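Each chain gets a letter, A, B and C, in the order it is written, and its residues are counted from 1.
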């Protein structure tokens, strides 16, 4: 795309408000808030949300903004003491269902029913908690079906968070995504990845046949879908999934050498299929499933030239750190690979800032998804401007 | 107020130039520049001032800008060597009355009389030095009367600076002030303050009666005034004062437990009245008087979302540090309380940045001054825009 | 000049694009890239250039932007492995002549001849490498003649880089240059400089006569020129040179006490002339020649209020560090002097930001070049706006 799409603060504002706001973000996994009153705080652009487990066990989302003076109520994740979310400024207290329970020193005539926390749309699928800040978010139905059809085989609903980390890219979010959706760069840039993944290798086709046979033998049936980018149904969140083989018969997972890292999950309890499943929600969230662990990725724009990548590693719910898995080994591959992507994407940002930059040709078919991403984005931006 | 008033750089520029510039700031106390030639530098927005004690002992203020190339002349406080303020760039030398005394290598025809430092308005009341950068500042008369009627009882004119510090808030100046002017938040946010101050407590009325009786017994007569916000006379700087009791009979001052911290000041030489006096100059400066020490507060806007709070602690002029007072104990209360306010105000800034923020109801009467501050500000801004 | 010229981001953009882009910058000295394939990276505003020694020994410049996705290709200086400049992102490989040699996984129909690196104008004169990012840069002819007539006497073509450093000024580039081109400030601000330089001293004329006599005795004939500022020929890069005496008969070079620092260069092999030669290319580059060492200065604007000064010290090509010269002594004078200029210029930036700043009178003739710089700049800006 032309340079302005990566550099202009005006276009960035359109991106946030016109293109991205009605989409969904993956906030965390239900295992982060197992008890009634547990909550996490999710910050996105100028917004902050509280995602809390209510008295009935349901997970609810609210704007993290006090209805009195507008203070942020919760600074970071925690537990609602006495079932209350209490603003630290003047001590207004909200129930975990968002209603205003107590406002000290206010006149008795105050109509508390109009002063509850503003609710946000939340969906929980396969243990993942998704949130949208839009008044009328896109339908999540296609994504829900897709996540159940893919992540379901690995029982992510029964998983737990092993580790979380964030990494900040000094680059526009679109450059981060253009890098994310193609594996043309995997060869030169990700030697660690390339050793164990068969994706985009010469023998990918043969390896995929082996994967499919193994999966069939395990009784695993994963249906992939492509309702992504311009193929998304109007009014529906973008959805996508695919399957890729690992790089060989003995390569079970994304570790240094393909050796297993953690207890096998879901329908893979009996063995590995030497494959990998990937699923997307929108353009900012994607999920990688291996037989023994999962990795969830979320990109968050911070400014026109700063993007944060949050990575969450999942293992089977009953796995014990230090006994069933080693955290350093579990997280090695995607720490190394995300670090390399940060470097690449930042150099790309510097390059496109030049007056000498002109968009170049795509390497098709391997950069097909980058082309689709650009087409989708330009169409979405165009609609936002016309609206 | 709506979010734009806390977030918009355009409104911030209007604030500085249209609303704040004609007001007065408290720069320091005369004890900071006791000798002829002593000067302090005061930086405000894009301005810098030199406040110097001239040969005749008078305190004068000048724009800290050389009339040659425009360099800042004095980087920080100091003493005019040989009675001259010398620009470090090309060594133009100015007398402490601001006149250009010497400009090396300039043609003999140079009319030095037109090249003196630009003078700034300065007022000294009760030992406090006030400065305005405006060509036509507001009248200081009401403030002068008010300061004499309040601070005068504590003889601030005869005080000395015990300590000074600054703390930076990542928030708009109006959020800092909205917090400053109400004590609705004191209960939840300032437990250290609330232990020793009777303000906004259930027994405030009874405690005030005791305070007044004690003051009367001491022969102290402090007249309070309210010419603040919309009650200010047109063309006059906003002026305000009030009296509040401490939290009990044995609570003498704002210390950890109410025990005295320093030698008693002014008319309180004979004893404490277990009360506190507060005075305001404009909206950005306020002064707290206890029987044994004083604290002067000045808010300075740094950018649309950054505000600096400067605090100056005053003790009796003859008090000796280490002997008559312990600096850590003296400064403890207002360091702790200012630190808590910083956290509160910063969370408020984050909250009002959300698209979900809407202004909420005031808790009246305790938030009355916040309401008055907003009304005054909106009126002043409106006048600035119409002008 | 009025304050807006130092403060306005809009004017800064005009400066970069309308005034500065068609000029030349001194990137480095040929001794930095002696071997085929050696390259340096030069970053300027939003641009980055690769300057590489090609197979035929010629020095070429290219935009450091991959023709595929636009990534920066080289992050810092290095050597083209296998004669190739390889983009780290998708491994597109360019020859040192800029042509696209290999683009992996691209369709065979790709027309590689249209996808070479974009060439930039490069000139090598007296060992100095100059580069312009403009499509149609100013003619370098007058500068070439001037550099040969001045630096040539010191054989800079046969010199080598002894040291390089950069220093960042928090100030607009014009304030940095206004300081650079006048020596009115040398007395108050640069005592170290003033001890050994006769420039702007009372005995400058007498010292210059001695210098000229010594130079003649050495058979050195340096022709100075003034095609600078408004005296530049239309369409030609600004060119200037001058000669100044050191401060005394025994002051050979710019050291602490005038004592020699390094082996004598070029036509000064037989002795010192106790003088100094200065040459300018445009307004951003100037070169100081002493009998035993040289110093090259380049100012690079980084933002409206940030400017970088790069200094390169040159010695005779066969001089050996530690034996023929001591690096700390060699670099002392211009490290100290540049550090003082940084302080001065930063205070100037603070001063001109004040609403009380008004431009003052020039001290003529000693500030003549500052006046000429301002006139040239305003004229160039005016042309840029009309264009």
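Operating definition for what follows: contacts are C-beta pairs under 8 Å (C-beta built on N, C-alpha and C of every residue); 3 or more make two chains touch, one makes a residue touch a chain.
The model shown is predicted, which means the values in this text are computed figures rather than measured ones.
Enquirer: Does the chain A and chain C pair touch with the same residues on each side or with different residues, judged by whether over half of the numbers are shared?
Expert: Counting which numbers both chains contribute, under half are shared, so the two copies meet through different residues.
Enquirer: Superposing the C-alpha atoms of chain A on chain B takes a rotation of how many degrees, nearest 5?
Expert: 120
Enquirer: Give, as an integer number of Å, the spacing between the C-alpha centres of chain C and chain A.
Expert: About 49 Å, centre to centre.
Enquirer: Could you list the positions in chain A whose residues touch two or more of the other chains?
Expert: none
Enquirer: So in the complex, which bits of chain A are touching chain B?
Expert: The touching residues are 46-48, 63-73, 75, 88-91, 103-107, 110, 115, 118, 133.
Enquirer: Under the touch definition given earlier, write down the residues of chain A that touch chain C in their complex.
Expert: For this pair, the touching residues of chain A are 3, 178, 184-185, 187-189, 343-344, 347-348, 350-361, 363-364, 366.
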